[in-house]
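Naming follows writing order (A, B, C and D), and every chain is counted from residue 1.
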Amino acid sequence: MSEIEFLNWVRGPGFQIAIIIFVAGVIIRFAEILLLGRKPNLAEAKGSEMSSGLRTIITRSIPDKGTFQRSMFTVVAGYIFHLGLFITIFLFAPHILMFKDIFGFGWPSLPTPVVDAMAIVTIIALFAVLIHRMRNTVLKFISTKEDYIVWLVTILPLITGYIAFHRIGMTAPTLLAIHILSVELLLIMFPFTKLMHTFTIVMSRWYGGAISGYRGVKS
Amino acid sequence: MSASLDKGINALKEQVDSSVAAFFSSCTHCGMCADACLFYTETGCPTATPITKVEPLRRIWKSEYTLLGRIGKMFGLNKKVDDELLTKWEKRVYDNCTLCGRCSMVCPVGNDIALMIRKTREGMAAAGHAPEGLIGATKRAVTIGSPMGVKLPALMAQINHVEKDTGLKVPLDVEGAEYMLLLSSMEIMNFPEFIEAIAKIFTKAGVSWTISTEAFEATNSGIQIGVSDIAAELVQRIVDAAEKLKVKTVISPECGHAYMAIRWDGPNLIGKPFNFKVRHILEILDEFRKDGRLKITGKEEQRLTYHDPCQISRRGGVIEQPRNLINMFSNNFVEMPDTGKMNWCCGAGGGVSTNERADKVRLKVFQRKKDQLDEIKPDAIVSACSNCRIHLEDGLEEYNMDIPLMSLTETLAEHLAD
Amino acid sequence: MTNNSNKEKTLGEVMRSRGVSRRSFLKFCAATASMMAMSPAMIPKIAHALESARRPSVIWLSFQECTGCTESLTRAHTATIESLIFDSISLDYHHTLQAASGHAAEEAREAAMNENWGKYILVVDGSIPTDNPGYSTIAGISNLDMFMQTAAGAAAIISVGTCAAYGGIPHADPNPTGAYSVYDVIKKFSNNQLDGISSATLAKAGEGSVVSKPIISVPGCPPIPVVITGVLTHFLTFGTIPELDHLGRPKAFYGQSIHDRCYRRPFYDKGLFAETFDDEGAKKGWCLYKLGCKGPTTYNACATTKWNDGTSFPIESGHPCLGCSEPDFWDGGGFYKALSMPTENITQTAIYTAAGAAAVGVALGAMNKSKKNNAVAAHNKTTIDDLEK
Amino acid sequence: MSDFSIVQFNIQIGDDLTHNVKPLLHEIKHGLDKLVETGQTSIIDLRSIPLAPGEEDKILSMLGQGEVQAQLNALGLSEVTETQYAGVWIVTHYNDENHIISRFIEVTTMPEILCSQTEDIMAAYSRLTVSLEDNV
C-alpha cells in the first residue's frame, strides 16, 4: 500500500468505520442510560429539578474556593487541556473544513500559530496530568488500565497532528494519514470508555443538580 | 439469617437507574472527590476516595447494564462482585463514610456520589456485610422502637420532669393538632432540655402541637444500614400515627438523618406521597420568626459559630433558617471557613457513630473540624443535630478543646421574652 | 547509422563542431545547474563533466499514455537548452517523434538495443496493462513484452509521467486494463505474478536481470519539462542517477512539498483562505487549501520551477494543486475536497448509522429495563432477621 | 522583461510575503565583505529561492542600476549588469525566444561569462590564422 493509498483509506473507509462505531456507540450508550429511567420523587419538592439541573450543568464548571485550593492542580491542568483540546479540535481551519463537510456549516477559525501554540500547551498539560496520575497516591490507587489507555488515545491525535502540521520525520501524506488514523482510534474508543463523559456530563450534572435542587440546595 | 451474596447482587441491580448509569458513565477518575472527603484528607488513605467506595455497584452496572459489560459477561471477562470484595469494602462503605455528600458537591461531572454509596449499602446489607453495631441498632429500632432501646416509659419519665420543671403541658396524642413532634432517642436520653425548649417556644407561639406515644422516634436505622424495607417500616409507623392524629405537619427534631429519612426518603420508601407536611424544627422556628411569633430578649455577645449538620444543610436544604435564627440572639455570629452546603461533616453521621468499629477513625477525622474551629476560635458552637452534638463533644474532649456546644432550639428558648 | 561517428565524440567536441562557443557552453551549464537545483558552485564541475561526456543512446517507449508527457517536453520554452540536450543524446526510438514508421521503426529499436546493450537509457511514459496483452500493442508486440525486452538491456529506466511512475489514469479505480507502473510491473515480475508474458521475453528479462535496474520516477501529469531534461543531464554529467526519495523521485525536484515552497504559504499560516473561486479571498490571492489544494501532500518543484517559461504555476493562477505527481491522485476523493475532509459521504453514513443504532439502543435499553424490573420482582423483603448470614 | 508574471494578484501583505527578501540582501552584503577580505566570489541562484510575485522585482530595484551594462549573444541573449553596488552583478540568461532561463546574482569583480574563454581564444587564433592564410 502506498502512502497515498494509505491516506485515501484512512480518509475514506477507515473514517467511515470509525464514524459508524462512534455514532452507534454513543447512541446506544445514551439509550442504555436513559431508558433505565428513574422513579419520580414523591417527597414534597422544595425547588425545581429542571431549573436547578440545568443550572448545575453550567455552574459545576466553576469549583468553589475551598475545592479550588484543595484540588488546584486537577482544576488548572484540567481546564488547560480541555480548553486546549477544544481549540485544537474545533478552531483549526482544516478541522473546521471537515466539520463543514459533515454538518454542512462551518465557523471562523483561529490563526494557525495560535492553534499551534495551544497544541503544545495541551500536550504539556496532558503530560503533567499523566505524571500527576502516576505519582499522586489517590490517583495511583483509583486509576485503571482504561485511564492510561484513554490518556494515550487522547494525546495521540495531538502529537500526530503537531508532527503532521510541522512535517517532522516523514512525508506529509504518511503523517497526515497517521494523524487521521489516531483520530479514528479515538472515535472508536470513545463510546466504550470514560471519554463518554464529554456527552454524559450533561446528564450527570443535570441529575446531580436536580437531586440537590429538588431539596432546595443550589449545587 | 438469610442474607446472601445473590440477594446482595439483586439488591444492587435494583439500585441502578438512569442517574446512576449517567454518573458512572461520566466519572473520569479525576480524584477530586478525595480532596472533598474528610476520611481522605485526615487519614491520607486513598481507599477512602469516595468514588472507589461504590465499586460493587459500579461492577453490577457495568456488567448488567452496558453493552460492553454484557459482552464481557458472556466471555466471563468482567470483574465479579463476590463476598471477598464485599468484605473488603465493608469498612470503606460503612466506617469511612458518613454519607455527608460533600463529594457530591465538588464532583466536576456532577455525580451524586453519596447517593451511590447509599445505594451500595443496600447491596452490602442484603449480602450480610453490614457492621455489627448497625445491625444491633436496626434490630432495636424495629423491635423496641428506638435504636438506643428507649421505650415509651422512659419518654414519659422525661416529660414528667419537663412538666414539673416548667409548669407547661406537653400534649400527648392530641388529635387534630397542627404539629406532631418527633424526637430522637438521643434527645430523650441525653438532651431532655430539647423537649423543654419546644414546650416553651410552642406555648409562647400559641400553636397546637403534640407527641404521639405510638410513634415518637424520629431516627431511622434502616436508612443508615441501607435497608429500604426496614426504613419503610419505620417511616410507616410515623405515617400511621400522623394520619391517626390528623396532624398537618410532622416536625423532625434536631437530628440530621432523621430529617433526611422522613422528609426526603419517606414518601419514596412507602411508595406514596404523604398527606401531611414534613418540616425540620428549624424551618418551623424560622416560620415563627417570620410570623412574629418569636419574641427574643437579650443578645449573646460571645463569638458563636454554626456547625451545619450535613443532612440538614447540604442534603436537606435548611441552610438560611439557622442563620436567621442565630442572628436573633447573637451579635457575634461567625461562619466557619467552609460553610453551609460546603461544610465539613463532624465525622460521625450516616451510622458511623452507631458502629463501634469506627470509633477510632471518627475521632481521627474530627481533626478536620478542629482545624476549622482553630481558624475562627469561637467561644461556642451552635448546631442542630444531636448526633453531631454528641460527636463534637467527644471530639473536643479528645483534642483537649474547651468549647461549649449549644442546641439552636434550646438556646433560642433561653432567649424567649417573657 | 549516420550518427554513429558522433557517438564516439564527447559532448564538448560535438558542441564545438557545431560552433557553440565556450561562453555559450558556460551559459548552458549555469542554466542546467539552476534547473537541477544545484548550487551555482557546481557550474564548473558540470562544465567539466559535460565536456567529456559521451552521447548515450535513449529509447523512449510509450504505452498507455496520452502523449502529454512528450508534448510537455517538446513544448518546453527553454528551447535552446532542451534542444541542446536532445542534440547531445541519441534518441534512437520514440514512436511519436521519429520519422521512421512500421518495421523500420522497430528495427531501429532492436538495432539500438543490440549496439548499446546494457548502456542505453530506457524512458517509459504510460502505464503497462497486465490484464490482457491485447489492450495495448505496438507492432503486434504487447506493451508488457516490449517493456520487459527493452528493460533487460537498459542501464537505467526513467519513468516519465504519473502513468509510468504510479499507473496514473489507466490505473485509477476500477483499473479495467490491469494497468501498473514500471516499478510495479518489475515487482510483479520478480514475484512471479505476471501472466501473459512470452517465454522469449521472460528469458531475455531474466538474462538482463530486469529486477535490479535502477528506476528513476519523474511523475507529474505532465511532469515539468526541465525535470525530464534535468534527470537526463544529471545522467549525462555524472554517469549516475540522481539522489532519489522513497518513491524513486529525484530529490532535487521532489524534495519539498508544493506547500513548503508556495508563496501563498503565509496566508495558510495566518488562516486566510479563499472559500470560493470568486470571493474576496480568491481575489486577494489567499491560500487555496479550502478549495481542495493538495499542495501539502504533493512533492514537486512547480512552485519554484513554474510552468510556461516560469510564467506561473497552478496556484499562482488561482487554482488549487491537484497533486498530480503523487500516487493515486485520481482516487483521492475529489480535486476540490480539502485534504482534511473525509472522502466518503460521512453525513449519510452517520445518519444511517444513527437510525440503526437508535433501534439497537432502544432494544438494549428495553433489555436493561426488563433486567431491572426482574431484579425488582425478585426482591426478597429484608427484615431484621435477614441482616446476617 | 522583469515583469514576467502575467497574472497580477492584489497581494496585501507585500514585501514580506515569503520573508526571503531581507535575508537575501544580507547574504549579498556578506558576499561583498568576503570578496574584499579574501577575494572569494559568490553566486546566488534567484530561481532556487521561493519568491512571491513581485519579490524578485523588489530585489532588483533595491540593487539598482550601476555603471556597467553588457549584452552577449550566446545561445540567445544574456544580460550582465553591475548594480549600484560595485561588485554586485545581475546575470540574466535568455533563450532564443527571449524568455528568462536563469538569473544569478554574482558577487565578483567580473562575471566569468564576460571574460573571453581560453578555448574560444584558441579557436579564434586558428580561425584568424586560416582567414589570413586564405586572404594572402
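Going forward, contacts are C-beta pairs under 8 Å (C-beta built on N, C-alpha and C of every residue); 3 or more make two chains touch, one makes a residue touch a chain.
Values in this document were obtained by computation on a predicted structure and should not be read as measured data.
When the C-beta contacts at A-B and at C-D are tallied, the pair with the greater total is A-B. Chain centre most remote from that of chain B: D (centre = mean of CA atoms).
Closest to the middle of the protein, by Cα centroid, lies chain A. Taking each chain's centre as the average of its CA atoms, chain A and chain B sit 37 Å apart. The distance from the centre of chain C to the centre of chain D, each centre being the mean of the chain's C-alpha atoms, comes to 33 Å. Remark: chain B and chain D have CA centroids separated by 93 Å (rounded to whole angstrom). Distance between chain centres (mean CA atoms), chain A to chain D: 58 Å. Shown for chain C are the residues that touch two or more other chains, namely 364, 368, 372. Within chain A, residues 25, 28-29, 32, 34-37 each touch two or more of the remaining chains. In chain D, no residue touches at least two other chains. By the touch rule above, chain A contacts chain C in their complex via residues 2-5, 7-8, 11-13, 15-16, 19-20, 23-25, 27-32, 34-37, 93-95, 97-98, 101-104, 109-113, 167, 171-173, 176.
By the touch criterion stated above, chain B contacts chain C in their complex at residues 1-4, 7, 10-11, 13-14, 16-17, 64-65, 67, 125-126, 128, 130, 135, 138-139, 142-143, 225, 227, 229-230.
Those residues of chain C that touch chain B in the shared complex are 364, 368, 371-372, 375-376, 378-389.
Interface of chain C with chain D (complex): residues 16, 20-24, 26-28, 30-31, 33-35, 37, 39-41, 43, 77-81, 84, 261-263, 265-267, 283-285, 303-305, 309-312, 316-318. On chain B, the positions that touch chain A within their shared complex are 16-19, 21-23, 25-32, 34-36, 40-41, 44, 46-47, 49, 51-52, 65-68, 104-112, 115, 263-268, 271-274, 277-278, 313-317, 319, 337-338, 341-342.
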